[in-house]
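Going in written order, the chains are labelled A, B, C and D, and every chain counts its residues from 1.
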Amino acid sequence: MVEAKVKKSEALDPDFSNLRPIDFRSDNVASVSPEILAAMVEANSGTAGSYGDDEFSRGLDERFGALFETKVTVFPIATGTAANALSLSALTPPYGAIYCCSAAHIHTSEAGATELLTGGAKLVPLQGEGFRFQADALAHAIANAGIGITNRSQPAAVSVTQATEFGTLYRLDELAAIGEVARANRLRFHMDGARFANALAALDCSPAAMTWRSGIDILSFGATKNGGLNTDCIVVFNPDIVEDLAFRIRRSGHTWSKMRFSAAQLLAYVENDLFLKSARRANALAAMIAAKVRDCPDITLVAPVEANEVFLDLPEMMIDCLIKNRIQFLRRGPRLIRLVCRFDGNEREIDRLIAVLKQCE
Amino acid sequence: MVEAKVKKSEALDPDFSNLRPIDFRSDNVASVSPEILAAMVEANSGTAGSYGDDEFSRGLDERFGALFETKVTVFPIATGTAANALSLSALTPPYGAIYCCSAAHIHTSEAGATELLTGGAKLVPLQGEGFRFQADALAHAIANAGIGITNRSQPAAVSVTQATEFGTLYRLDELAAIGEVARANRLRFHMDGARFANALAALDCSPAAMTWRSGIDILSFGATKNGGLNTDCIVVFNPDIVEDLAFRIRRSGHTWSKMRFSAAQLLAYVENDLFLKSARRANALAAMIAAKVRDCPDITLVAPVEANEVFLDLPEMMIDCLIKNRIQFLRRGPRLIRLVCRFDGNEREIDRLIAVLKQCE
Amino acid sequence: MVEAKVKKSEALDPDFSNLRPIDFRSDNVASVSPEILAAMVEANSGTAGSYGDDEFSRGLDERFGALFETKVTVFPIATGTAANALSLSALTPPYGAIYCCSAAHIHTSEAGATELLTGGAKLVPLQGEGFRFQADALAHAIANAGIGITNRSQPAAVSVTQATEFGTLYRLDELAAIGEVARANRLRFHMDGARFANALAALDCSPAAMTWRSGIDILSFGATKNGGLNTDCIVVFNPDIVEDLAFRIRRSGHTWSKMRFSAAQLLAYVENDLFLKSARRANALAAMIAAKVRDCPDITLVAPVEANEVFLDLPEMMIDCLIKNRIQFLRRGPRLIRLVCRFDGNEREIDRLIAVLKQCE
Amino acid sequence: MVEAKVKKSEALDPDFSNLRPIDFRSDNVASVSPEILAAMVEANSGTAGSYGDDEFSRGLDERFGALFETKVTVFPIATGTAANALSLSALTPPYGAIYCCSAAHIHTSEAGATELLTGGAKLVPLQGEGFRFQADALAHAIANAGIGITNRSQPAAVSVTQATEFGTLYRLDELAAIGEVARANRLRFHMDGARFANALAALDCSPAAMTWRSGIDILSFGATKNGGLNTDCIVVFNPDIVEDLAFRIRRSGHTWSKMRFSAAQLLAYVENDLFLKSARRANALAAMIAAKVRDCPDITLVAPVEANEVFLDLPEMMIDCLIKNRIQFLRRGPRLIRLVCRFDGNEREIDRLIAVLKQCE
């Protein structure tokens, strides 16, 4: 593995303390839900057809169809980056423009995966408050895009991240308004749901309401950050996309032969609302942090805490003090840190974080 | 999952028998080695750095370095198709030519993954006996390629499949001869080792001998077909390739965040020679079939059985009879079938197969 | 210009003779028809709208529509390679298969332009007599392609070269039969007409008969090899392709701003059947060679001479002798040479060629 | 030609006046320098080697080498879009980032050509005064790019437009400072010289000073907008790029067979400083406009007029009035128009423009 070598570590790792570290670096540092591992073990029985021709994989469409209250097609995918870029590859011609927030993960942190898998489409960043963009920004951009002018990238798709990269949320009416602009201009609508469950738990609405009822054509449905193992999936609402997408997924090397083990993860993830329970726990821990840091005069919440992420502005000296006390997090600027709460975190961790924060003031 | 819908099933599924089927469709219909599942369960403890910054992933290079007796870099990858196409993407410019056998999986059965991930390089098929090509065929092709002529795809890489798509093997001296032609012409050399362990067990040589000592720069190291779960890997011997490849892998959505669970699979796969033991079992079962069908006058072995695959030419009536008796396999032509032996198969299955074959004559 | 350096010269250039050389290397070594140059000079008057918004460019569709007896859309393009690859890019998804002759220029001599501009589609070579393939070969290939199976490149288009790379011709019924197979399987049909005029003159049929009436959706209409300057064009018969193609052309840098000068070339090229007259002259010269070499016992015509190219098999000593006598041609094998007749060639050149051939025997 | 149909005309075309229009729409609506046409006619003599193997093409490197006072390699190219995207394709891996001004033509108006030909690299826009960016903006962006982090596009190249898309200029010290940051960070440096001659004439410096002496590795050398016909070229200063680029150009269909006619245009363009004389004339006309509109209280110069483009902010009523008086220009906003002066324009046109402007106030 070259990652540890090529990647300059963004994470700060204290080494002069004998405390056990508390890990707020990301939700992908978490463990796997026992239910999910158990389901994989259970799936390991006898032979099964490959490439999705097994009982687990065959059950996905129906199970997720019930969850989303509509007919869907589900494709298990190894990573969120792949789920996003592949989804978008089915929504745009190579000369298309894809609108997204300027802070969107697809634009800033996926190494150009979308550009690769779309054959060179253009991500066009939009601005907005709370690290989101609104329908009017999209409408304005489309109006100035030069539709039909051959030297301009042609509006083809729009993507929102829900919950956003800064832990904020789109309200249902905001999503629906974006969906309306998309439909009126014949753009397709993608949702990057790396933290879909966290958003759903926070909004306390139905999966249908937050997706296809708001105009979403295709969803990157994240599981890994919320107790999954190594499988997210694409959920397709718009049937026109399905066949083309199936070829693109296979062609990018994202169709597992022993698909049952990936399907089993996903089935267990939604069984008995496991995904919602896990997300609620992580969200609640983030809310605890937010509530408590409001008392700290030197600390500012950079974004409203609506899901499981907390962005704090605080003095560099405090940041150093946190590190010395083995609080793990990502640094996003000289005074900016990100804390992510995990489904497998607990209140003691939050208590200790707050205690350290107060002590560092 | 759309696979079952889009894909016209190649597999024949009997429905008029109450026998339990015996599954020779592929080695990817098999189960997962208990040791591998156990390792994943064990890896599920506490938090761990993401994207390879964990103790399992960090251990890969050293563990595989010991196995291959040289310094290597290991990248866990979701599928063999991705491992192949990503490996090749690091070996060729977009205007390059990649030589391979006309029956190579990368050429016939990967949906153009190599064309996608290389930016449009050209696979140039070579002919040869036993579904392999030899060094002289490669040398001849290079000599006629038009090196330096700008309207011709430029020789850049060569790929062998070991064991081949027809269960045959390259001998070490054949590999070395191809490697020698590659080096002399500044081509890079890739091995598709989807059935690497089966080949290694059959040749009874060292991993080093079958790879870098024969000139291999980069290896798709398959685990899935031999008891793995959902992770193969790329093993890089040539250090010049590593950094470029790391970016290409990330960009194609093949870098898992919870990498420890993929690394754990691979570590367990090679621990105590598990991979070799599993491969030997599958190979032995295939050898049993080969030995026994030699007595059947109506059946011809299409290719020598050197690993775990058996290709048989037999009358269509016999094929129908096999199906009725719930022997599962892939049909590759009107009289041509493929039987693949699994690491978790057993002699009783072979005995029943042979009994059915004799009864169908 | 690096061509002369990078490209190992295929052409043989004698330097030990004081004769003036006679140039049979290609038809692209020829001059430009005076009518075409005159039209460009005439177009140079005042200002004109750019990117096709000028009277010359606006007249193209109507003029070519009259020529082809149907509604067409015409795109001037710098080269035949671009015309081919761009045409095909509008006919196939990136995971598509394009069928062509194994000797097709798009497959052997365009540096992977089709792979680049289609996003990695696969050219699948077909075999046939006379350097052509027939409808049954296409039908057979499609039948074995695995339509709907996601790991296989999906049949999307078929391409013929007319006249072929070896100066042979498809008959109208052969074209129509290929077109019929294409339509029945929902493939689109492209014609590489680098030597379209030579084929048309030889078959003495209408442009309509040789194209859309035979099922052609899109045509690379060559002018450069037949007295043009630096502009070929794409002629689109199938209106469904037009809009997508317009974006692809612009995006590949093949939309000139001062389009009038390219359009003027094309208008002059078809005015008063200039293109047919030029092609007839070149064809007639090739026919003269073919007629006369039939008497030479040591020379074999490798392919029937149906347009303006002559392929000869002859002893290496004779080849050396030709070179010494300053006959210029391309060498295609130890005993194989190609002679191409130019629209601006003449009978004296043929007479001298024949005299030299006889003297070299 | 579909352009006129697909493209919604940005140009305003008056139809209720019997005045002869005056054309400030672009410099690509201009005619061709008689010297250039004459050179093409003269080149039309006898046969000549193709793909650059002719005396005109062979002379390009030496002629441009003399002009630039260093060894260069010259590739004639059909359009500026192709020259830009192909140049950049030789400077970046597919996962690279290319820095440019947010108003750069490559970013806003080339239909994603760079994304296509680089295999999906990312254009990263920088901000700055006068529609230019400065070295510190580049340095800052690189510092925040995440070099070595595999989920980030990797800094690979930087591109400036000289003269810029708004008719402003980079000073030599500004270019050199950008070049210094590029070199220090191992980025390669491209100049989009669509209006290279206009910039050179305005700065009154040597071609060497404005290019390689300022760190430029590769230049899109425009001719078409300044009296050329249909050929620009790429001038390569950095020899490491040449071979790779030659293949990329051929593969994108930008290598003409009858290259002599394109080479002849370029040779005539620089002969006797034709290109400078033409540029000086256009620049002088723009300066006249700038000088005279300073008196008009309702008109604001949006950008300093440093080359041959004039951007004016003026009341919509005045814009309508200009149109009625048959002044042709492009509209870039409700109150924003662009006037471009042509090498073949004259003072009478400027006088009439000013008269109309005053009359419309």
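To be clear about the criterion, a contact is a pair of C-beta atoms (placed from the backbone, for glycine too) under 8 Å apart; a residue touches a chain by one contact, two chains touch by 3 or more.
Computed from a predicted model, the values in this text were never measured in an experiment.
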- Contact-graph distance - origin subunit A, target subunit D: 1
- Item | Centre distance in Å when subunit A and subunit B are each reduced to the mean of their C-alpha atoms | 33
- Task: Would you kindly tell me how far, in whole Å, the mean C-alpha position of subunit C lies from that of subunit B?
- Result: 42
- Task: Averaging only over C-alpha atoms, locate the centres of subunit B and subunit D and give their separation in whole Å.
- Result: 51
- Scan subunit B for residues touching two or more other chains and write them down. 3, 6-7, 51, 81, 94-95, 110-112, 116, 119, 150-151, 246-247, 250-251, 255
- Task: If you connect every pair of chains that touch, what shape comes out? Choose line, ring, star, complete or other.
- Result: complete
- subunit D to subunit C touching residues, read off their complex: 1-4, 6-7, 9, 11, 23, 25-26, 28-32, 34, 37, 40-41, 44-53, 57-58, 60-61, 73-86, 110-113, 116-117, 224-225, 228-231, 242-243, 245-247, 250-259, 261-263, 342
- Would you pull the subunit C residues touching subunit A in the complex into a rising list? 51, 93-95, 119, 150-151, 154, 244, 246-251, 255
- Touching residues on subunit B, where the partner in the complex is subunit C: 3, 6-8, 10, 81, 94-95, 108-112, 115-116, 118-122, 146-153
